[in-house]
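Okay, so chain A shows up in both of these, paired with chain B first and chain C after.
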Partner chain A sequence: MTDPQVWISILEQGCFYGLIGLAYLLGLEGTGFFNFAVGSYALVAALMTSWLVSEHGYGVWPALILAVLVAMALAALTELAVVRTIEAKFQHGELPSLVAVAALLFAISQVAGMVFGRVTMPGEPFYSFTPIAVGSAYLTPAVVGVVGVAVVAFAGVSITARTTAFGRALRAVGDNKEASRILGLPVGRVRLIAFAVSGLVAALAGIAYSSQAGVSWDVGLQWALLGFLALVVGGAGSWFGPLVGGILLGFVQEIIELYAGGQDVDYAMLGIALVFFAFWPKGLTSRAVRA
Partner chain B sequence: MASKRPGLAKAGGLLLALCLSLAAAACGSSGGTGTASADSAQTSGPALKGKPIIIGMDSDSTGPASSYNPLITQGVQGAIAYVNAHGGVLGRPLKLFLTNSQSNPAEGPAVYNDMITHGAVAAIGAPVGPIQQAKQIIQNAKLLTIATQATDTSLLTPPSGYLYMIAPTSTTYADAFCAAFKAIHATRIALFHDNSPGVLTVANASIPVYEKCGVTFVDQESAPVTQTDFTAIAARIKASHPRAIYTISVGGSFQAASETAFYQAMPNVQRFTLGAWPSQPAAWKAAAPGSLNGSVVIDTIDPENPRTKAVANMLAPYLPSSWTMSQYAADGYDALMLISEAIKKAGGTAEPALNAAFQTIQNFPTTFGQPSSTLSFSATKNSGSNGACSLVLKEFNANNTLTQDWGTFQPSC
Partner chain C sequence: MKSLLPRAPTTAPALIAVAAGALLLLWAGGNAYNLSLLGLLATYSLVGLGMYAPLAWAGSMSLAFSAYAAIGAYSVAVISTKADAPVWVGWIVGAALAVVVALILGAATMRLTGFHLVAITLLFATAFQTWLVSANWLGSSNGIGQIAALSLGWWHPSARALVIGGLALVVLIAIGLDRLRRSSWGVIARALGQAPLAVECCGTRVPRITIVMQCFGAAIAAIGGSFFATDVQGITPVTFTTDLVFLVLFFLILGGTSSPWGALIGAAIAVELTVRATFFASGGGLLLLALAVLVVLLIAPSGILGLLGDARRRLAAPAGRRARLRGDVTR
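After this line comes the complex of A and B, so read on.
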């Protein structure tokens, strides 16, 4: 554990898991349920950026902006066309919406594979530079990108939620949609914006993280599961909960790999999930994640 | 609520339109064009009369092997287009019946039955697991089947009278790497692999073979194929002080990230790779700049083999403009040409004459491997490889590209 590269990896992995968890939390706050499709928004943004740059000669930033807009559009359409429709039809229970967005995760991943190809695409960093040596460790563009996005996203969302009318409306809508509607809050618009921002966060996370080792069409599910686990562990009581959970997951992952080997990491993640679901469903920050 | 439904319906229509337009864009992409090119080439040559000869193929286009199986399909499609544009086989056109088992062994019986039901007289199987489960069906139907990616001769345990392999066997690969390790006086090797089923089988089967040739595995590490951070694993391998690292993987992000981590942690330790990595130039770019420099891979494509270049030029007009030759395309092409050769020798597609004719094919020059690489079959030889010269050791340069043979050692027949 004295190897600084290990700590840098913990920070990078933790920030990425935390960002996907934050994308979940934005949707959870706005609608009260888990949008598993966030993994596919991250995937589409990362793949599309790489595809536009490497196959069509776009500059990194135009490709990135276009890809982020597409991911945000997908997120907004998820709320409009899937969640809202199903909630209107099935007045009680969240299960139909959960099933629908889970199916959407698979559908978007398969379409992404058809459109962008089923090969690994190289990721595109926000800014390319030769890895910076820090003692015996290296700071790569991916590390700087993921950590930078995490700092901006978590700070931005937290400040917005505390200090703006939209932030107050988001919390109100998430707590009680009907009461918010009666009070005249624009429930539909608040939910739509929450989903779009969730898509934005997921997209930036996916693009930043994929610059480390590329991206392929089939990683959306894994990203979705790890982000969900980060939220479960960190809890939904604070906007920083997913970041706490993500860093803890990153720490456990690196420790297990370092002392027991890579083949045991999946078992460790399963163990963490079981422990928190069974004994600590509220996560590390106070609000209950499960009803 | 009712007044909002038209808005919801409009949004639903937008989402549906977005998904359909993305799917339509996919149909216009290079994968779809490959099939269309083969079909259009089928009709662009001299008019072929006679009933089409159906060749069945199982190729994983959506599952774990989807990063390279479609490359095999393109080789087969290009070969079919070329054959049909040059008179077909016995004056009859070839037609491909494509199935997708998604590398799921449980789907094997269904996909091979599907081929048989649709009149296939021979089959090309890319994923190996489904073939294993379908062996009895293949035997009962007397379906001449070539397993293009099989390297483990345990596939050929009975029933296998109609089942053939064309790739070098795992023993051949192991012998080549053993000799490579000896060439650099490396006996302390760290073994690293992903946990995909095919790679696990190869890795576990390899260990006793390498140990017999004097190699000591000072560390063995593995990770899920979806993992992309290897800092801790690199630290563990470094602590074992290996002379070389031997990676077996399906390539992709897994290999790009692991090569980067190993290069950063151990820049002076020689790296060797077995797997799909040499055929994934898009994935090479995902590795950190310069991190692949000096890394040695085993490939079956030798750019100096005149047949490789000739076949690439032959197939190019029938495949998308972005297509490039790879070991997988070469495998697909050779498999189709072997079947064509057998049909010509048999004078038709009836069994058991077709199978008997296949077993008389000797010294078939391969599109892959070194210029002297050939395949031979007989009633007692279902694995066609005639030696290690079907393999080439290549080295990455500082630009993370594979352009040169490894100057230190090359396998011979």
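After this line comes the complex of A and C, so read on.
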């Protein structure tokens, strides 16, 4: 625990889970819908960037921009083609939504596996540099990438939600969709943008995180589950809730890996989920007043 | 709500299932590969029937069923190879163990529904899979092989007889679930998914009845796992990944959840797409199932059973009404 490198790993893991949690929260705020497919947006973006760079000789930035645009398009398409139709068709009950997002997550992951290959691919850092020494620890491009994306994304979303017309509209739609519609707010457009931004956040998180350990076509579900857990643990009451939850999950994961073993992480995550769902279902942060 | 009211039981679906099973057995003949496909069909159908009641009646989407099937399969393997006991003992132990695990998991997640239940049961299935891979006494990632063949006293069923028994078990369980669905208990169970508050107000404890359904389903899924291990005579952890539970979920929705027979239709499609159709190899079958589920949800939410029911009603309707129905469709 005294090794600073462990704390850097905690920060990296925590920021990644937090970012996936933030992607959930954006969709949740707009539609009240936990979009499990965010894991597959992150996966597609990471795989596509790596595939374009290593198999087709693209530069990192053009590949990254293309991959992010594809992930955003997938997210927007989810809102247009799936969420809206399911909402219109089924007025009550969560089951159709649950099945739809599970099918979507699976379909996107399988297509990604077919197109980009079912092998682990090396990730691509946003910017390559020699690891920076900080005391006895090192900051790698992956760590800087994930933490940098987290700082920009959380600060950006938080400021946008508080100070811009779109942010206020998003919160209004999240509070009461029907009232917002009656008052003339462009509910459909607000939700579509929220989903696209959710895709953007997930894509950047996936690309940045995969530059450390690579990415395989079948990790979408795992990322989706851990991001969901980060949101539940941190709470949906604050935009920074998923980051708090993510850091806690990262801390537990690193400690378990350090003192027990890799396989015990899965048991610990299940334990955390059981404890939080039972005793703190609203998570660590809560919003008493939507101001 | 009208759909909750019990209708007169009909034997037609059971007779159709028996006839389809007989035709499939004729097609398989003594071919070992074809029999293995029918064995897989019976396994998928059993796991699907296990997941059917909590999903279709209570609207409870627990995704721990891959773990329950694994419990059934590993019970058979352990009982047979480590305890030298007859395979059928493993079937009973597996079902009992799965009920106990479902009871504990159900109690721990009693108040959870929707996305939270999905997440926690998936985390459970993942943790269980990790445990299977890391447990040396269960053969770790190699699993357990050389499971003894099933013997019932003096009778040692052949591979063909075992498959016939498996398919018969599937039909019997489907008939049982169909009867249960129409019973007064079944009406309450189905009301859970549509109006849980009303059920609670009538004095029925919703969480308790949901746990009962989970346990019941877990036992059926464990029997599916036991059948698989008995049929294949070996088992590895990769057979019971979360892919299995998603596959079952997708084929249940595709087949239709208005009655247990949808699980059998869905299982047959799943075997065809994921094993037989070589064009869809390497996960393509699962992709097609996931896409088909999306299409079904968006266009025909009641699945293939619903489409068949619509077609039957149209054919049975008098000419004038049929014309109106056609007009409705055109509009």
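Observations on the model:
Heads up, the rule we're going with is that the second predicted complex is superposed on the first by the 286 of 291 C-alpha atoms of A that agree within 3 Å, B and C clash if a C-alpha of one lies under 4 Å from a C-alpha of the other, contacts with A are read in each partner's own complex, and residues count from 1 in each chain.
Everything that follows uses one rule, which is that a contact is a pair of C-beta atoms (placed from the backbone, for glycine too) under 8 Å apart; a residue touches a chain by one contact, two chains touch by 3 or more.
This is a predicted model, so every value here is computed, not measured.
Touch criterion met: A:73 reaches chain B, while chain C stays clear of it. By the touch criterion defined above, A:263 lies against chain B and chain C together after alignment on the C-alpha atoms of chain A.
Residue contacts after overlaying the shared chain place A:248 against neither chain B nor chain C. In the superposition on chain A, contact is made by A:82 with both chain B and chain C.
Shared-chain residue A:140: touches chain B; no touch with chain C. When the two complexes are overlaid on their common chain A, residue A:219 makes contact with chain B while staying clear of chain C. In the superposition on chain A, contact of A:118 is made with both chain B and chain C.
Once chain A of one complex is fitted onto chain A of the other, the partner contacts of A:274 are limited to chain C, with no touch recorded for chain B. In the superposed model, A:98 makes contact with chain C only, not with chain B.
Once the two complexes are overlaid on chain A, the chain A residues touched by chain B in the first and by chain C in the second are 81-82, 85, 107, 110-111, 113-114, 118, 222, 263, 266. Those residues of chain A whose C-beta lies close enough to touch chain B in the complex are 3, 5-6, 8-9, 12-13, 54, 73-74, 77-78, 80-82, 84-85, 88, 107, 110-111, 113-115, 117-123, 130-131, 138, 140, 188, 209, 212-216, 218-219, 222, 253-255, 257-258, 261-263, 265-266.
Per the touch definition, chain A reaches chain C in the complex via residues 34, 36, 81-82, 85-86, 89-90, 92-96, 98-100, 102-104, 106-107, 110-111, 113-114, 118, 221-222, 225, 228-229, 232, 263, 266-267, 269-270, 273-274, 277-278, 281.
Considering their complex, residues 1, 4-5, 8, 11-12, 14-16, 18-19, 22-23, 25-27, 29-31, 61-62, 66-67, 70, 195, 221-224, 226-236, 251-254, 256-257, 260, 264-265, 280, 282-283, 285-289 of chain B touch chain A. Of all residues in chain C, only 55, 59, 61, 108-109, 111-116, 118-120, 122-124, 126-127, 130-131, 133-134, 193-194, 242, 246, 249-250, 253, 282-284, 286-287, 290-291, 293-294, 297-298, 301 touch chain A in the complex they form.
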